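Below, chain A partners chain B and then partners chain C, in two separate complexes.
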Partner chain A sequence: MAEDQVTLKIEGVDVTVPRGTTVLEAAKRAGILIPHYCYHPGLPVSGVCRMCLVTVEGAPGLQIACATDATDGQVVSVFDSAASDARQAVLEFLLINHPLDCPICDQAGECELQDYVFQEGRARTRYSDYPKRFSPVEDFGGDVLYVPNRCILCTRCIRFMDHVAEESVLNVSERGDRAFIGIHPDAVLDHPWAGNVIDLCPVGSLISKDFLHKAYAWQLDRTPGICTGCSQGCNITIETRDNSIARLRPRTNEDVNRYFMCDHGRFEYRWMNSGDRIEAPLVAGANGLVATDWSQAIARCAEIVKGVSGKAVALVSPRASCESLYLVHQLLKDFELLSACPVEVVEGEQPLPGVPNLALRSERAPNVEGAARLGHGAEYDKALEAVKDAALVFVLDDGYSQFGDDALSGSENLIYLGTSLPDAARNSSVVFPMSNAAEEDGTYVNRDGRVQRYMQAKTAPGMARPAWWITGALLSEIRGTDAPATAGEVFDRMAASESAFAGLSYETLGTQGAFANKASGAGVGCDS
Partner chain B sequence: MGYPHEPHSKETVVLSRYFGDKSARSYDGWVERGGYKALKKTLDMDPAAVIDVVKESGLRGRGGAGFPTGVKWSFMPKEKNKPHYLCCNADESEPGTFKDREIMRWTPHAMIEGCAIAQHAIQAEVTYIYIRGEFTEELAIVEQALREAYSDGVLGDDAMGSGKKLDMYIHRGAGAYICGEETALMNSIEGKRGNPRIKPPFPAAFGVFGMPTTINNVETLAVVPHIINEGAEWHNSMCLSNPKSVGTKLFSVCGHVVKPGNYEVTMGFSLGELINDLAGGMREGRTLKACIPGGSSVPILNKEETENCILDYEGCIEQGTMLGSGGVIVFDDSADMVYQIMLLARFYAHESCAQCTQCREGTAWTTRILERMLAGKGKTEDLDLLLDLADQMTGKTICVLSDSCAAPVVSGIKKFRDEFEAYINGSREPVLVHG
Partner chain C sequence: MAIGVKIMQRPEGQLSYVRATVKGLALTVSHLFQRKVTMQYPEQKETADWKLSDRWRGTHRMLTDEQGRAKCVACGLCPQVCPANCIKLVAGEDEEGNRYPLIYDIDEFRCVFCGYCQEVCPEEAIHVGVDYENAEYQRERFVYDLERLCSQTHPVSTLWDPADPKGE
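Up next, the complex of A and B:
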């Protein structure tokens, strides 16, 4: 171990890191954030902003922490007067041409220039009354607007396009303080992963058209989630304002999506904000569906399920959580069950070349693998066909499926769990209002078999409840078992009974996910 | 101006012997004058032995940094498992410097021979000669010389019958000053924007196209054939002062002197003599005020320092400046130092590659302060501000362009403070309208 590890002292803190680690990364491990702009762990080092200057004992002059290797016995100081003065000077230099338009800037509150100036900048400028450089806003195409006045030329966006997206359309144009980010005259920034330049921009220079003036950073609540756009399972942060999702951003997971998410996924939040929702349980009466309360609806549904036997069909959504998919199976296990989920397949993956095994996948749903592992097949057309002969039809849908008007007709006993009520479901016996993926806790299994948790980012409308709660309550009513109180409880029951989830617990999945115990999970499509 | 001139008796002509002699330009003319003997000799030598000779000669880089040339060559990997490259830095852009231009103009084969010897020493397949874009005449001359070198068998697959392969390509710069910085030059050769790279990795490990590369200045390479012919001892013994600085050096003298031009003197020569004797001294009725001895990037000397300055690497440092590229810019008492320094700052602000924050913003801000001062709107605190900015622009960036902008500002304020104050307190009429 000792050979490939080095121990150094940063601001008096001893830290041991693998050889080859930079001082900047070593400092992070020691709990010290060395201010920086151009450095980003997902991009090649450029060393241009000169913000991460630190004092390294024995080295001539200040060194940039992002490009200095940690060595054994090194003594680094970050906040001594030489390094602090140098960073203060960089901040002053950056601000001479940077407009003080924070009040109307989308980046305000999460701006690294704002943060570091507040932390260690000068209180007043010495740039007196010279005019600041001015250049008009430019539309780079895709979702990206470029505000050159705010640009600090860190070149993160250029390096992302050059080395990660591998579509070199951005550059530094001009020289000196006239320099700006240029775009190839015949190109637009419409690469399927181009939106990441907005997240990478440490200031408000590259901004999202979709998010423009929607919210200030401090008005947003942030919740860890999993992208529902495809089977890759990118880790995301769901940012909500007043119970409405304002944007999705990538959440770091080195093993899945590193620091990135694609533009398709980035806009996969609009359906979650849809206002067209069922808000109360409905039961069939003489004059059609009538709103009722949960206990009556559950009791009515349990009565139906107990009253029939033979063939049952379950039509489930690949956006549904593992927990609800598991409980649907439990609920219908005494039937001769045909269960399937529809999966939208768009030919042609959209990879991010700079990150291995990362792409917008053809299967445009987050839990295709989870559904398969829990016994929900892919023969959706066959399942639809079987609806008319089934004794019981159970639908679990969050708007993903597109039912033709008479797709569910002919089913005597139709139980419908959904977010909205399509015409096809109007002949249901019982309708349960369920929450969507942003409104509940749960887990998805990505295409590689990684089980990942997502958390509730906003409240469900009206009386809507998570599908696992609804199915759990039905099970309890029918079999007298305990109704689960949390998604975690369902998960742990599932892990105990389903080999595909053996060895996992909801607690230890954490925010980065885990693979099922391979030995005990053999034969159920675990990753190989 | 100043060329061709009869060598002054105090000059030591080695490189400049054939300056002005058109017939030395051609292959035949060069061979008649003893050309390519050194290369022929070198090609029979072990590369390591060539490096040893250059090490022993005491030759140091003439581009500005003064790094020992043989030592630099020895940094190249001995195990050759990748292509090696030599870059000849002919992007002479330092204001006040025009020596490499004369070498290329009159003795292009001296440069080619030097390149070929170095190429053999470092085991490089290819030399890239990076010629400054504005050097159109020199480009044509070097291109012609290169054609001759190929057609006469000096270069190519069987260089001088040695069986060794030596190739040279000319890469023409597009006019950016910063492309003379070695790593920017390499980026430029690769077709990228001419931005300096962070070091390490150093060129000997990761140079042009990511391969081991050595880069030398034209003057450095041009003197190598002489060292091979005359021996290391011959070169090492040419010294008037400090034994660490040996050989001859071309000085480009410009500004307020009677006879501006290139003068070749032995290391350790007196700057005062160079200006007053060789370059003809000040114009009628004028007296020396200041001098920048090593190209625009080095600190300015006042009259006394100029007269006391010994022209070698150590002598210049003793006076608080640097030998640099040997571009001697002379100012007489008519010079407005504030204006001159503003012009320098403006140059650096224009040429900053825009990578490092201190340089991109600092050079421009410095220029603005000086421009405003010259427009009569300076403030008392501006001088301290200029010095503070200069401090933050020194030693904190990837390359030394920003240091180069700071050097004349700091030395100028230190030595000619009264001139700055005269603009600030209004005792001097503004010379700029806008600022």
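Up next, the complex of A and C:
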């Protein structure tokens, strides 16, 4: 065995971990969850909650698993009577002043206090004769509400603000049973990453104003996604209820965003729920645009594309998936193509100091790098100029940029793929309704070149289809090739023909993403 | 040629209607002297020895607090437990910051009257009622909204025998 590995026995399971691993993390490897509140892998260890008490053979008394290093030959038991009794006592203390207002608490269903009390707490209270301490709800500013009654003083929020966000505005105020989480009297919790304290809070003490009373954990469907807020590409979980996105939460990816996401990204779901959508393909008739079916719209569009040659302009969105951006290029490769995507740039990055290479980036779109790699330039103004004398104008998703009402007026053959229909696109020859980023499968490339998949979280309204499906069907109509059936199929075609994606496959991207080949050919891998 | 019809010859006693009539009348008359079980519904809805069970599960009723507001805190357990999926609940927040139901609709057509909603309610707010007179002129009226549920006055169901400690 290697020098830097230790083997220990936890609940009868042998597990080998690197030296320096805590017993709690080693137990996770062994498939055993030691109950804990104050410990969080993204925060420094503090050992205040006393919930992770375990019996270590040979050690005097019980040990806290979160701050005990795993050593060779250690024998740990988690569920023996001594440790279980101690944890039950801890839970009993936590519940002395807990209001037990689970029916009206937003955390119900994903509350660790609920879970552990149900798992190993006492069935009945022994403190029913005493009135509970009561403190009113406090507004911490930003998106955060503090409900002191529910607080178990695990100090995760304090440690996040002190050591990760590095803006120390929270502390434990008062002492003993009067203690509560205090905020500096002149401060508000408006750090751009402050929303993470809501996720970190194991109970319903720090809650989101935006999510307040919206849904319970058990009513939500969860889908892995990629944040569309900036070019960082944080991994997120999209939580939907009744086909409407209720909230976005960070999804663990140690290499990108660890356990966190910024408040800007957290609210990037609202446009995805927008009801202002095109629901059927439209073709230009004598009296303006007329709704039609897919086959007619695609036939009409193919006719237009085949009928012209020369200059073409593609105005694409940096929110479009790599798959659709690739197919747009394939579709227009016989033209003298000028392609550009607009990127909203907000000056000043908002870094999270405690995590290296993590910030709310100034480029506020998820696929800037992917668009660049697939040959869609950034000279948007030049492309808009060129619209006037282009034989064909192809617009992919307007959602992002605000066209002037007459920005596209000079174009004779305008093909428009979008989620909504701005006035500028009223003179289109064909309009295709497309799904937005929450309604399709696809991939984005983040600013570091990591190719990451996102999945469909809700259904698209009406007849809307993913942009890769529309462009794939057009390509098939024009060239007679097979129309792709899935985003994965498009991706694998792209990987086969584009050097920037060489060596990748949709399957191997998994949920954590992989690095694309940077021209020289580094192959698949998670380290660059 | 005539069709040959065979005529059955039955004994006199079977052919006579007198015996059967007398037998029937005797049964009718005998009922005149028995205890009456007919109830004069709708004038009469219960009698001394018959009433609707306390555990009858009929159309719902929402109980209210002293201020006349629904006791419901919109916890969402009843729509969750409902096997017929007939409860629509949208939670909101009132002026005092308390959670309350913005929308609380029960589709009584879809309801299977299992009483789970009453059983699961932590606030003892929603109840199934001891009531069966539910006729309406429009189908839409069978979706009871919060106001209607609160204004019902019929007694609520007792899902278990209060005398039995094991019941609860």
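Rule of thumb we're sticking to: the second predicted complex is superposed on the first by the 514 of 528 C-alpha atoms of A that agree within 3 Å, B and C clash if a C-alpha of one lies under 4 Å from a C-alpha of the other, contacts with A are read in each partner's own complex, and residues count from 1 in each chain.
Simple rule for what comes next: contacts are C-beta pairs under 8 Å (C-beta built on N, C-alpha and C of every residue); 3 or more make two chains touch, one makes a residue touch a chain.
Everything numeric here is computed off the predicted structure, so don't read it as measured data.
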Q: Could you tell me whether chain B and chain C fit or clash when both sit on chain A in the superposition?
A: fit
Q: Determine, under the contact definition given at the top, whether A:213 touches first (chain B), second (chain C), both, or neither.
A: second
Q: Based on the superposed arrangement, let me know which partner A:483 touches: chain B (first), chain C (second), both, or neither?
A: neither
Q | First, second, both or neither for A:50, with chain B first and chain C second | A | first
Q) Taking CA centres, what is the chain B/chain A/chain C angle in steps of 10 degrees? A) 90
Q: Identify the partner contact of A:291: answer first if only chain B is touched, second if only chain C is, both if each is, neither if none is.
A: neither
Q: Applying the touch criterion given at the start, work out whether A:172 contacts chain B, chain C, both or neither, answering first, second, both or neither.
A: first
Q.
Looking only at chain A, is it chain B or chain C that touches more of its residues?
A. B
Q: With the two complexes superposed on chain A, say which partner A:67 touches: chain B (first), chain C (second), both, or neither.
A: first
Q: For A:137, decide between first (touching chain B), second (touching chain C), both and neither.
A: second
Q) Upon superposition of the two complexes, what minimum C-alpha distance (Å) separates chain B from chain C? A) 23
(Q) Considering only the defined contacts, which chain B positions touch chain A in the complex? (A) 176, 193, 195, 198, 349-358, 360-365, 368, 372, 379, 385, 389, 392, 395-398
Q) Can you list the residues on chain C that touch chain A in the complex? A) 73-77, 80, 91-93, 97-99, 122-123
Q. Tell me, which parts of chain A touch chain B in their complex?
A. 45-51, 53, 61-62, 64, 67, 85-86, 89-90, 93-94, 96-97, 126-128, 130, 152-153, 155, 171-172, 174-179
Q. So in the complex, which bits of chain A are touching chain C?
A. 102-104, 108, 137, 212-214, 216, 218-219
